[in-house]
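Labels for the chains are A, B, C, D and E, by order of writing; each one numbers its residues from 1.
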Amino acid sequence: MENRDPIPDSGPIVRVLSIILGLALFGILATAVLELDVEATGLTDTVMERIGESGVDHPPTAVLLNFRAYDTWLEVAVLLLAAWGALVLRQATRLPEQPAARSPGPVLDWLVRMLIPLAIVTGVYLLWRGTDAPGGAFQAGGVIGAALLLLRLSGYRSIGLFSAAWLRGSLLAGFAGFMAIATLLFITGWTFLEYPPAWAGLIIVIVELLITWSVAVSFVALFVAARPDDSASGPVGGER
Amino acid sequence: MDWGFWLPQIMLFSSLIPALVIFLLRDEQFWLRTSLNLGGSAVKLVLAGIMAWGVLAEGRTYEASLPFLHNQELVLRVEPLSLMLVGLSSVLWFITTIYAIGYLENSPNRTRFFGFFSLCVTATIGIALAGNLITFLIFYEMLSVVTYPLVVHRGTPAALAAGRTYLLYTLGGGVLLLLGIIWLQVLAGPVSFEPGGTIDFLLDDHRTELTVIFGLLIAGLGVKAAIVPLHRWLPEAMIAPAPVSALLHAVAVVKAGAYGIVRVVYDVYGLELSNQLNVLLPLALFAGFTIIYGSVRALGEFDLKRRLAYSTVSQVSYIALGTALLGPAATVGATVHLIHQGIMKITLFFCAGVFAEARHIHDIREMSGVGRSMPLTMSAFTLGAFGMIGVPPLAGFVSKWYLGIGSLESNAPWVIVILVASSVMNAAYFLPIVYKGWFGEPHEEIDVVEAERFQVAEAPWSLLGPALATAGISLLAGLLAAWAYSPLSLAEIVANQRMISP
Amino acid sequence: MSEFLIYALVAAALFAICLHGIITRRHILRKILALNMMGSAVFLLLITIAERNQVDGVADPVPHAMVLTGIVVAVSATAFALALARRYHAQTGHTELHDEDGST
Amino acid sequence: MSLAGIWVILIPLICGLAAFAVGGRSARVIGLIGAGLTFLLSGLLVLHVWQSGVWIYQLGGWDVPLGISLRADGLSAFLIGMTGAVGLGISLYAVRYFEDEDEALTPDPSPDPSAPLRTGAGRGGTEVWLPGTSYWPLWMLLWASLNVLFLSNDIFNLYVGLELLTLASVALIILQREQAAIVAGLRYLLAAFLGSMAYLLGVALIYADAGVLDLGLLADAELTGTATQVAGGLMAVGLLLKAALFPLHFWLPAAHSSAPAPVSAALSALVVKGAFYLLIRLWFEVFESAGTVSVEQMIGALGAVAIVVGSFQAIRQARLKLMIAYSTVAQVGYLFIMIPLAGSFGDPEASWRFEAWTGGLYHALSHGFAKASMFLAAGVLLSALGHDRVWHLAGSASRFPVIYLSFGIAGMSLMGLPPSAGFVGKWLMLRSAVESGQWWWVVILLVGGLLTAGYVAIVLSQAIQHDVEEHTEPHPVPKLMTVMVFALAAMSLLLGLRAAEPLELLEIGAPFQTLMSMVED
Amino acid sequence: MMLYLWLLVLATPLTLAFMIPFGGVVRRRAIDLMPFAAIPALIMALPREQTAVEVADWLLLGSSFGVDQTSQIFLLLTATLWTVAGFYARYYHADDADIHRFAFFFLLTMTGNLGLIVAMDIVTFYASFALMTFSAYGLVVHTRSAKALRAGKVYIVMAVIGEGFLLTGMFMAAYSAGSTQAEFIREGILDSQRSNLIIGCLLAGFGIKAGAIPLHVWLPLAHPVAPTAASAVLSGAMIKAGLLGWITFLPIGEAAMPGWGTLLVVISLIAAFSGVLIGLTQDDPKTLLAYSSISQMGFIATVVAVGLAEPRAWGVAAIGCALYALHHGLIKGALFLGVGVAHETGNDRNRQRLVLIGLTVVAIALAGAPLTTGALAKSALKEGVYIGPEGWSVWLDWLLPVAAIGTTVLMGRFIWLIWRHELGHVEHGQYRGMMIPWIILVGLAFPIVWLAPVWFQVDVSPAVAFEPGNLWTSTWPVLIGAAILGVIWWQIARTPREIAPIRIPAGDVLIPLEWALARIRPPEPDEVVPRPPDPVAALSASWYGLFAEAQQGSRTSRLEGWFLRWDVAGLLFLTIGMVLILFMLWR
């Protein structure tokens, strides 16, 4: 395929039309919002009534991991799928190391050595805080994933160490673990995604832990996998 | 086992199953395919015989209702009228199968051909047995589809072009029919075929709608019945192999249309309603015009099959015409012509196929002297041609006779003019062929060796036999018309049913 | 004008602006960004609703949960789109989708 | 049996994950087991709904509005059943298809000598992702997400389901890493993303208005507020984009035609139905009170234009798969004509609404089987001939008779010719149109059939065309593939022969309860 | 039982006919048996008492068979003539390679001819009539000469037109009668509101076969070109089929139809005279005989006309008709066969003399000289004419003898032509085989005609011919004719030259007609004429064109390409969304 010049953004007609329609949309959305009842309460009362049965104190977490655990479970699947889709783009099942293994240099090296433990601690803290305050698995996973990325970007070996099976296992852990617990309980006679009240807290923690790890690895995988195989490069070649 | 329930279904399956099995065979599996074909058609023939006996001698009705939609059933019913088309297609399928086996020997894609061929018969039987409008529609449309591969069988650009035209016409017709049926069913609920019609009660409130619906139904059916101006596909479809043309013209496609018209007029609208709506005169006029127009066009064609095709255009409208006249004798004429036209026209096409196959004759002008080397084929052709003209004692005369009487009964003497003019024109385009065949001097290129000039060199029996058989039947159908088991007698039963009932 | 309405209107405006961006910008990255921002607009609205629905100082946790879930979903989709875009760029050198030629 | 609804989600997920975890050739075995089990479970679910009526399940034991409920009524069961059957067919086909593909890929043209590639599940060293290996887990996930979508009774959960579906679809499209597929996948992803955002905004507005997310509660609330109305418009347009209703179909032809055949089949036959399902679910339950005739008519009008434009484009395509993809654009138009017919036009108590409802869904069913068969047929031709240019198919009918027979049968179903499932759908929709006096839809429904015939006949006639030049011997095609192509086509035919029971299934829990007793022909 | 005898009459020639295509020994046997094919018919023609009508309710539309007094005479004539002609043909065609073909058509024609006589219902009659008509074509064109083919063409065209008339008339008659039986048909015609139309159709339809002016044009062409045996039956027997049709189905004698009577009598008289006059200008003796047949049929038709006009006359007139038909059939057959025999005489003076004498005898008989069959036939005719309508007999009394003068002169020319031009052309060695049947026919003609009225106990006795008035009226025209001949003879003897300088080509009025038709009819095209475009086919072609065009280069259309653009799609998304929302809000 020939390398074409970049196509300019849309012409003035499209822009003008788009602005007009955009304004109209805004107008309508505004009308809708203005017509809303400002005094509604939504599901707040309903949640608060039964938060005691959920095993956690923080209402959003209760909703996320218990009342609407189905959403969360599927959301993990979405993330898994995204990472997975990115992996499919690659030919090799293992993720590559950073190609140019430069020495990170003393400053960066020091920074990395300082930041990685800090990030891990922060992650664990966020996870733990999730039960009664804002925070939780995704935040934690995000921080830990960032740490892994930092390692990689500064030339350390990180995700490349994972064998294909490890990589897949890590990606799957959150979703599969969640599912395994739910399925086991389901088979033993509980409603699907219902936790025995006594075990609810523990189950939520385990699930959160697994999700944290999966999220972290998924983020890194998404980042790394986006880098194309050399073999599959177009005629232009390489990354630019 | 409830035979009344199963027999109609077995009737369908006797060609459907061979069709499906044949599709799985390879071209080379000649014997298996042939025995499937012949076996299926023999079973069908026997069943048709059993059912004919049951219906005619014991006064039984065979009926099978199968659930289809909410309150809509698929009904297969054997009664005298359906027996006519069933009998015709069973007999002619058997004969045509033998012919086709001989005709297509060694040509490519035989499996496909015979598969669709059997499907085509299945659809025709379905049309014949249909006990209500929706069942009829289903098989009617199925017929359009399964005949398409047969029309384009040769795969030449001309065949494909013809196939496109064919498909567009038949599908277009199907669309009109579908609309008409749906509209009617919305007004009347599920409409089944009962002699005398079942929708009289709509007359007061829905007069205009009923008229429009009638137009839609007839237009949809008229495509297949090749009523002018919807006839153009028929001559084009002549590009198909001879057995296809034969079956298409004699039994399957055009008959489906004509039979549908008979059903709609007698068994959906009924005598009373049709009369009160004043819809029959236009139909009669269209049919009459078609008869004349087809004949005129036939005169101008010199390709044998095209001439035959226009002849079909003309002849099939006899059925529509007779139906539109609505008298007892006209009904007899119309229904008996269903059969008579079939056997006569198939004879002609068989012969045309033989000429094309054995002598590479496609044009009438090349036919000089062909009767000398192929006297039997030419005899069959002659019988067919005279039958078409309406010369007694051949079958065509019987139909024409009843139509003529019927036209007077229905106080439409102008129809006689059409009938006679058609006869004269039939003579004008058939007799020259007969003349050339028997009395013309053979062309140089045909008789390679002078010594062989008067040598008889007929086509193989598998081609000749069917032609002679149908020619013989068309002779007997006329000669023994008054016999209790002749097509005519059957047609009289059919007409009686429709005339007596209120 | 209540606080609720201010945030809600901002969300509406953001949504409309992002839509404009998606339509008029050709660069894939910009499109992806616009889409992501669009998601943010909706999340803003949800948070606003959660605040509106508060009872006794406790905000409605259901929209919060929805936002959290939504963010993950949006992030996943965004990340996947970015991966694809990088791949696409690597293969063709283009930074925009070649519209008129969808079949290549 | 009453829990089939859960298992029908769980089993494909479990098998998908297992296939992913195991990788290599065993993925195929696991995938096949998953397909078979899911098919059986779908059947069980259909049976359950058939026998015991609507199935409702409170997940986690939390009642609505707090928790999320699953619901399987006739509509869900109908679509799950269809997905099960089509999915099984596609799976069996895929077994052989990817075996073939993977073998073709074995001598990898990778110029990179530093990464010696081996096929299959190697221990150590560098494995490669073979499309066949990646296919199974993704396909299982796609299947699961369809079932999630069909069963979910919560508008936000439906959003998650939609996204799951989209991502799985995109991942499958790019399975072979071809450039065309990647562009198409990216375009699809962005378009679907846009649609999801519109949908999500609608969810937010509805929640703001009603304070609940459960479909049942929303239906009972009979919302008519401005926010709900705006949400209705937003959700509708978002779903129209995802369902590729003209003129928002810009992403579909490329996406559906550049994917591997089993994926194309799944996308066209099933995935498009996901968005359609969601739209009618919302429209006839949540927006039953807020919806207006004009919106319905407009959606129908778009459907009508889709039929015409899609068919015309289909005929203009040089490649078979693109032709089939455009055919999907046209057929999607048919589905949406159901909305004005079943909508609030005229007498709201009229029986034609239910007829249109069943007719439209039956059309969806027929299209599912027929289109799957067509794409799979195209896949066979593509792998056997090495191309799918319609112009060059001459003579191939004699070599692939069953393939073209199936193509023809599927085409019949698309045209709505009897006897086929398509006919039943068309019949019911036409009846409804005639009964309600909406003649304009009658015309388009009828003309649409003829337009469909246009491109189906062209493919067939090209194939039948007498072959003038000698072609090289085609690549042999595994029998199982041919059989599946035929089986799916045959299903689209057989379902037209006896529609009484499937139609009865659709009555269960349908939104026109009051009308059901009135449907007397 | 009787039924099967009647069927046997038809089955015998039919079976023999269908033995011929089998070839080999079967064919040879069939040809050998050909002369005997009409024997059953001959036997059936002999009983004095007519049996009741027999119905075969399985045949055709229910056939009935039988004879009445009139038709029995026709049967006698027909069977006799076919038998004789059969023997004759056996030898005439002895050297003919195509004898099997001749025999085939001969037998089929015979079947038809016999069938129409024994048929008592209109359908069987018509079927037989058609069989005879179409089979006779094979006889007419037997020689394959250009003349024969042209004659055949004219013959078949006229035959088809005739069938058309008949069919039309039959439909209306049968509808009105509610039956196909001849007796009901006659009543039905009278009852019908279209009785005039029916009568017109039947008159014209049968008239073509009977050679009524102006429908006779085929006759002078076809009769002469056929092989002699065929000419004999054509002119002797088959020409009477038309007459029989009239007699059987027209309600003659049941109601007065003066209009039709007048028309027919005028036509018949024109035929009687013009036949003679045109005949005189012919050089070919067979053509001359054909014109003579036209003229003679004119005589008979006159009586039919009388019956039409005056029902009372018919009882007697019908017998007259039948007797005249018997006479004319046998005599004309003998004349035609004689021509063939004359050719075969070679240079043998004795043979030539015998032939000339024989021919002269039958020629005189035809002219109606006293004591001949002609005299009896004419007397019988007159019996009918006398009872005819007021005033007619005056004219007919005068005109018929005048025509007889013409006949005498015509026969004179015939004998002269034979004597001068035809004797001993060729010799195939079949003289004896042909001469014997001919002589038998000549010999039998007189007794048959004289005895038939006695045998069948008809109302007209042979004695009528000896009544003085009749004796005189049969004598003087012949004498005058002989005188005229004498004058001409004298003229020729004095200055040997052709007597008749005018030559009217055979077919007379046909010639200008043919010329006109040739101008009107477009020539047969060599190429297929381009057909007018068919909208549906054009539609399918243009549809296909779209596809073909796309396949050959251009891909997605511009419009579609536009739809595929992101920004356009995005704008459309926005627009549709806006419209949907607005529609939602606007209620």
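Everything that follows uses one rule, which is that contacts are C-beta pairs under 8 Å (C-beta built on N, C-alpha and C of every residue); 3 or more make two chains touch, one makes a residue touch a chain.
Values in this document were obtained by computation on a predicted structure and should not be read as measured data.
Peer 1: With centres defined by CA atoms only, which chain is the most remote from subunit B?
Peer 2: Taking each chain's C-alpha mean as its centre, the farthest from subunit B is A.
Peer 1: Based on the averaged CA atom positions, which chain is farthest from subunit E?
Peer 2: It is A whose centre lies farthest from that of subunit E.
Peer 1: Using CA atoms only, can you tell me which chain is the most central one in this structure?
Peer 2: Smallest offset from the overall C-alpha mean is found for B.
Peer 1: Just the number, please: Cα centre separation of subunit B and subunit D in whole Å.
Peer 2: 42
Peer 1: Could you give the separation in Å between the centres of subunit A and subunit D, each centre being the mean of its C-alpha atoms?
Peer 2: Spacing between the chain centres: roughly 29 Å.
Peer 1: Using CA atom averages as chain centres, what separation in Å is found between subunit A and subunit C?
Peer 2: Inter-chain centre distance comes to 15 Å.
Peer 1: Roughly how many whole angstrom separate the Cα centroids of subunit C and subunit E?
Peer 2: 100
Peer 1: If you look at subunit B, which of its residues touch at least two other chains?
Peer 2: Where subunit B meets two or more other chains at a single residue, that happens at 164, 167-168, 172.
Peer 1: For subunit C, jot down the residues that touch at least 2 other chains.
Peer 2: 15, 19, 22-24, 26, 31, 45, 49, 52-53, 62-63, 66, 69, 73, 76-77, 80, 84, 87, 91-92, 97-99, 102-104
Peer 1: Mind pulling the subunit D residues that touch 2 or more other chains?
Peer 2: 156, 160, 163, 167, 170-171, 174, 179, 182, 187, 194, 201, 205, 207-208, 211, 226, 229-230, 250-251, 253 - these are the residues of subunit D that touch more than one other chain.
Peer 1: If I apply the definition of touch given earlier, which pairs of chains qualify?
Peer 2: Every pair of chains in contact is listed here: A-C, A-D, A-E, B-D, B-E, C-D, C-E, D-E.
Peer 1: Please name which positions on subunit A make contact with subunit D in the complex.
Peer 2: Going by the criterion above, the answer is residues 1, 28-29, 31-33, 35-37, 40-43, 46-47, 50, 66-71, 74-75, 77-78, 81-82, 84-85, 87-94, 163-165, 168-169, 172, 175-176, 179, 183, 186, 190-195, 229-232, 234.
Peer 1: Subunit E touches which residues of subunit A in the complex?
Peer 2: Interface residues on the subunit A side: 10, 14, 17-18, 21-22, 24-25, 28.
Peer 1: Considering the complex alone, what residue numbers of subunit E touch subunit C?
Peer 2: These residues of subunit E touch subunit C: 555-556, 561, 564-567, 570-571, 574.
Peer 1: Which of the residues in subunit D end up touching subunit B in this complex?
Peer 2: 395, 397-398, 401-402, 405, 408, 412, 415, 417-419, 423-424, 427-428, 430-431, 434-435, 442, 446-447, 449-450, 453, 457, 460-461, 464-467, 497-500, 503, 519-521
Peer 1: Using the touch rule from the top, collect the residues of subunit B that touch subunit D in their complex.
Peer 2: Going by the criterion above, the answer is residues 23, 66-72, 74, 108-109, 111-112, 134, 137-139, 141-142, 144-145, 148-149, 152-157, 160, 163-164, 167-168, 171-172, 174-175, 178-179, 182-183, 185-186, 189-190.
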